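Below is a structure I'd like to ask you about.
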Amino acid sequence: MTGFSLADRLRAGETVPTGWCGMASPLVAELIAREGYPCVTLDQQHGLYDMPTTFAGIAAIRAGGAAAVVRIPQGGFSVASRVLDAGAEGIIAPMINTIEDAKAFVAATKFPPIGARSWGPSRASQLTGVHKGDYLKAANDAVLTFAMIETRTAIKNVDAILAMPGIDAAFVGPSDLSITLTDGRTLDPHSKEVDAAIDTIIAAAQKAGKIAGAYTATPERALELEQRGFRFFAIASDTAFLQAGASAALKKFK
Amino acid sequence: MTGFSLADRLRAGETVPTGWCGMASPLVAELIAREGYPCVTLDQQHGLYDMPTTFAGIAAIRAGGAAAVVRIPQGGFSVASRVLDAGAEGIIAPMINTIEDAKAFVAATKFPPIGARSWGPSRASQLTGVHKGDYLKAANDAVLTFAMIETRTAIKNVDAILAMPGIDAAFVGPSDLSITLTDGRTLDPHSKEVDAAIDTIIAAAQKAGKIAGAYTATPERALELEQRGFRFFAIASDTAFLQAGASAALKKFK
Amino acid sequence: MTGFSLADRLRAGETVPTGWCGMASPLVAELIAREGYPCVTLDQQHGLYDMPTTFAGIAAIRAGGAAAVVRIPQGGFSVASRVLDAGAEGIIAPMINTIEDAKAFVAATKFPPIGARSWGPSRASQLTGVHKGDYLKAANDAVLTFAMIETRTAIKNVDAILAMPGIDAAFVGPSDLSITLTDGRTLDPHSKEVDAAIDTIIAAAQKAGKIAGAYTATPERALELEQRGFRFFAIASDTAFLQAGASAALKKFK
Amino acid sequence: MTGFSLADRLRAGETVPTGWCGMASPLVAELIAREGYPCVTLDQQHGLYDMPTTFAGIAAIRAGGAAAVVRIPQGGFSVASRVLDAGAEGIIAPMINTIEDAKAFVAATKFPPIGARSWGPSRASQLTGVHKGDYLKAANDAVLTFAMIETRTAIKNVDAILAMPGIDAAFVGPSDLSITLTDGRTLDPHSKEVDAAIDTIIAAAQKAGKIAGAYTATPERALELEQRGFRFFAIASDTAFLQAGASAALKKFK
Amino acid sequence: MTGFSLADRLRAGETVPTGWCGMASPLVAELIAREGYPCVTLDQQHGLYDMPTTFAGIAAIRAGGAAAVVRIPQGGFSVASRVLDAGAEGIIAPMINTIEDAKAFVAATKFPPIGARSWGPSRASQLTGVHKGDYLKAANDAVLTFAMIETRTAIKNVDAILAMPGIDAAFVGPSDLSITLTDGRTLDPHSKEVDAAIDTIIAAAQKAGKIAGAYTATPERALELEQRGFRFFAIASDTAFLQAGASAALKKFK
Amino acid sequence: MTGFSLADRLRAGETVPTGWCGMASPLVAELIAREGYPCVTLDQQHGLYDMPTTFAGIAAIRAGGAAAVVRIPQGGFSVASRVLDAGAEGIIAPMINTIEDAKAFVAATKFPPIGARSWGPSRASQLTGVHKGDYLKAANDAVLTFAMIETRTAIKNVDAILAMPGIDAAFVGPSDLSITLTDGRTLDPHSKEVDAAIDTIIAAAQKAGKIAGAYTATPERALELEQRGFRFFAIASDTAFLQAGASAALKKFK
């Protein structure tokens, strides 16, 4: 695989499912890519991925024929530029609640004049086959920023966040939304409050001409959100695949 | 979990399914154990496990509440004693074709007077909670040797192999059986030739009063072999769980 | 071991010694746990622990029967939420000098409404056996925040820091105290200035109804501080155990 | 090798070339040191180095007879103090654009009264052979801070940044300079704009009595900058050595 | 890259240079592949490669567009089948001195009826895209065995070794030849004795219709041996590239 | 540290204690070396060391100022030559019971004309500073082979084993001796049978003019054996140092 693929697909209006990996095993990420996923996401926020496994994972995902996205730790904007240097095609940043958060996210991930990303994508250049001068020209468009909208504050600021140049997409975190919207009382990603917030987010994304994505526990939920305008979905995780498979085999046996 | 559990269960006539792990991720092995498997096997022959991941994997499996078994590389009898020192409760040895192979297997895995295993199970002692003197007394019974019967030669020698003191079980390798019984022409673990060999093996095991186990691609096949007297089964692998889950989720989505 | 144990013990007034590990070897941490320590702390600030070894270390400590605490790097609040997701029962944060520092610490480690911790404790849930909904209810109480008081500024703000909801404990860093209180002139964790600061800290903790802990080089010092009201102690480190043992053996031999 | 060497050489006016390593292989770093380099730099910003490889790399570089410097990720001041604890003799910090950036850099890397570095250099003490009390006295002089000047804003503030106590050196990042000075249009580290900026930087360094260093792709460029007053140079990278050697051998063969 | 490439090239009479890697860094191996090498060899005998780095290295080399070969440790025939399962296209076995050595090598690397390789190439199948049934049919031809001829005994037996079905190639080890031919007195891979042995080896290979390869320190030596009929060459190593580049840059600078 | 040191000391009649490491942490091994041990041994037989940790450990031990010895797995003669290539100064081989075992050990570890070790010590050359031609001349003397005498059979053959050129030393394994001499009934390294065997071994070593070493759990036992003529002692292990230190600190605290 050469070049970038994720931004092109999403900008063309395609729906893109992503594998979601937290187990810090590049081989697991590669196998998911090889099953035909156009994108695989490595989770550094709540998953066990860290820099070395992420660097190896990005290469493994590309070798498996997919685009790599990384969810960075909260506030980990410095991590964002490092994983872009390593060949990621997108960054999901948690808890982009304010204009300031969004600015910091853009600063770390877009080259001037949009942001202040520092130059050094030699590994990205090796993996994509995009030569260095071309990379500078292409990167601001080809590398996507997903701002996670997952708190009451973020909902309030969602229009301004998504309107900001350099923010390419919203990404819904339904579990945190359910917690913050109930002040910590309830964990229910399918609650009415979450659903209303999702409406607000998709409206803001469409108004700003930006992509909308979401973490969804199941393909069914993803299909429902696709109807409402979302295009990028985490449809299930490595842990879930493994646990479900192991559990089902054992049950058949018993 | 303290003490040993695998030998007790199998000697009591229980059927024991084992998870089968080749992906060299101790966390994957642990998650399978946590789904309720009484045993998880780490594969060093055709899987990607090596010593450090096996050492970590054995501890992870025990932390997940299961017994750990290791399939060693062909001829890797020295590896066998190392993984027993690290807390494994069973060893599956590939290609035990002759009396000499079986003797070398026993020598590496059983203490005198049965074999010549060298003393040093300090990690096993930590993980099982069995103190060192007790470990010496318990180990020859508590740690199981599975001789893989998977060639024409092994079938010929199966009675003598299984009669040998220190060999606790037969373990059928149906893919290699199908290849060797057809002189390399066919890979079909469910062929007539393989089925006939399986009859020979179970008969030999029952005659010798030894346990019979098999690698089975599916729970269905395992249930069939259970009817025929087998008690220890590799019912599916980490790779298979992951690929099947990832593939099914993608299909639902498309 | 299932569930949480550290908060219960300390809230019950028990004295809890913790092993202190900087060598980035999960096995070392596990062995210390197995010697009977109720708690083992992994040091990411001045020790060599990083995320992968910390993730593995937390699991190893729990397998060894103890609670895991992590000292995060200075300002590493994002790290704090990640290691809590991985199953830590406590976080020691260096250089909590101001109200702002304390707020950021609480935000990262407590769920709403106290803080703004993001949801995702799947590894913690596996390791503790506490199901996800229960984890949300339990975590704000069961997971402890230790604010390190180790500068002149922190001493000035100690009452306000410890009064803050979500800050569960003070933790004294005597070496840094001695340096900052002498403007860099002296390293003496047992100096008069440090002793006076310790008095201020314990008074503030007792006034706020919070736990008091300290790094102590020796069990003797820990016993002295226990008299003065402290309950959580780092009594010695992996490096110290190893160096002292190696040195003593060599001396006997010479 | 015992003690520190980098600060002494540079303060004595010597020119010091540094190897530049991004491949996250401590052995590669060690081999470069063994070729006679007085200094080897590990790159965590655009290279693949992370904490464990950096910790191992610092030890390997010292074993190879050289001083170790680390370029930290942007804003990674907490990382700076950790790698100093691990034995680094210098820190290169990217994007020191403002007085606030410079203050944060000094705070993390110099002990009081200059900064607020936290105490804990036990690994540094082991590797350098400098005992702990002596380390406290020596470190503020012996450990060098290199502030990267690589944006329009930084050029504007360069006098104030370099005048700050605790900032020991400027380090030019010519690629980022070329991008920021052309608002993202051009990548040309040898452009006129960059050259003019370099003049400004060297003038500021000389005025402040501080060291000047630069990343230079080639020994030739380094020699030119040496004429202009620079003394510390990254003259080529591990990746470049490897690619050039492999390419040349293949060409000879074809 | 899909499928196999090395055997096809060599059987078509092409000359194939191979990179030679001992530094146990898969990234180094990948970079050499990306410079255009059709083949990269990982050295487990005298290099620092072990199983996990070899598994990762094979995947990295394929991702870089080249075929992977592994030199196994002396007598490591069990390792041979494991690295073939992991996707290697060739095995170089040291010290194939006798018919028995050659038989053991073939047994481990060729499926029945030629050898006794055990079935399990799932990783090879993923990496090459060759489905499992096809792999069984293709492997005995597509995977190459290189017998190292590097002792007096081996020279004596070279005709019989190379005549054996399943041995695909001779590979000259000139350093060991020089030592064994002088009974340990001299290390000179270009000595007269070595040259005479090389004549014997190439004659035997041509008589048996087998490929001839050699370790050559330099492209110049490789070109000379190509004239004499050799087709597979290790023309330089990762360590040599790195040391030469680092040394040359430093010299220019001084 | 440059050159070799272990053989010189032992041949000069010095008593040499060795640290004994099984925890697979190179840093642990290095710390023990830094406490003043002239030698540190890495245990691959019953410890958790494997190749990558052994390679790193050897370098770390040398950096710490000591000579590195490796105990290889039983029958792991191929491992022996690899760790010598990596810079070890001695190899302890378990279960050298027969002349054939001893021959295989010598073959792997001594260059012609004594043995058949294959050439490739580039890492050893880097670490010791001994250039390659000199290494060939020096190695057979400078690198020591310790044959473990630990079974009834070995006792019977001990004179012939120790008389063999290329076998430099006997090394007593008292635990296995106690087990084999009682046919598996007793584990008592201080039994009368073991003591008598020790007398036989020291007599054989002195007759053959070879060094005698032993694993001893305590410095006290080592001093006793020194009286009887032994000169090389494993006086305690990393695990023991750590457990004893942790346990003692906890006791003081309670």
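All chains are identified by letter, namely A, B, C, D, E and F, in their written order; residue positions are counted from 1 within each chain.
To be clear about the criterion, a contact is a pair of C-beta atoms (placed from the backbone, for glycine too) under 8 Å apart; a residue touches a chain by one contact, two chains touch by 3 or more.
Predicted, not measured: the structure shown is a model, and the values here were computed from it.
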Chains touching both subunit C and subunit F, listed by label: B, D
Chain whose mean Cα position lies farthest from subunit D: B
Furthest chain, CA centroid comparison against subunit F: A
Chain centre separation in whole Å, for subunit C relative to subunit A (CA means): 33
Intercentroid distance (Cα basis), subunit E paired with subunit D, Å: 40
CA centroid of subunit B to CA centroid of subunit D, Å: 53
Multi-chain contact residues (two or more partners), subunit E: 24, 31, 48, 50, 52, 239
All chain pairs that touch each other: A-B, A-C, A-D, A-E, B-C, B-E, B-F, C-D, C-F, D-E, D-F, E-F
Contact set on subunit F toward subunit D in their complex: 30-31, 34, 56, 59-60, 62-63, 126
Residues on subunit B engaged by subunit A in the complex (per definition of touch): 17, 19, 23-25, 27-28, 31-32, 35-37, 48, 219-220, 222-223, 233, 235-236, 238-247, 249-250, 252-253
Residues of subunit C that touch subunit D when the two form their complex: 22, 24, 44-48, 50, 52-53, 73-76, 94-95, 150-151, 173, 175-176, 179-180, 183-184, 187, 239
Touch list for subunit A against partner subunit D, complex: 50-52, 55, 77-79, 81-82, 85-86, 108, 111-114, 116, 118-123, 132-133, 136, 140
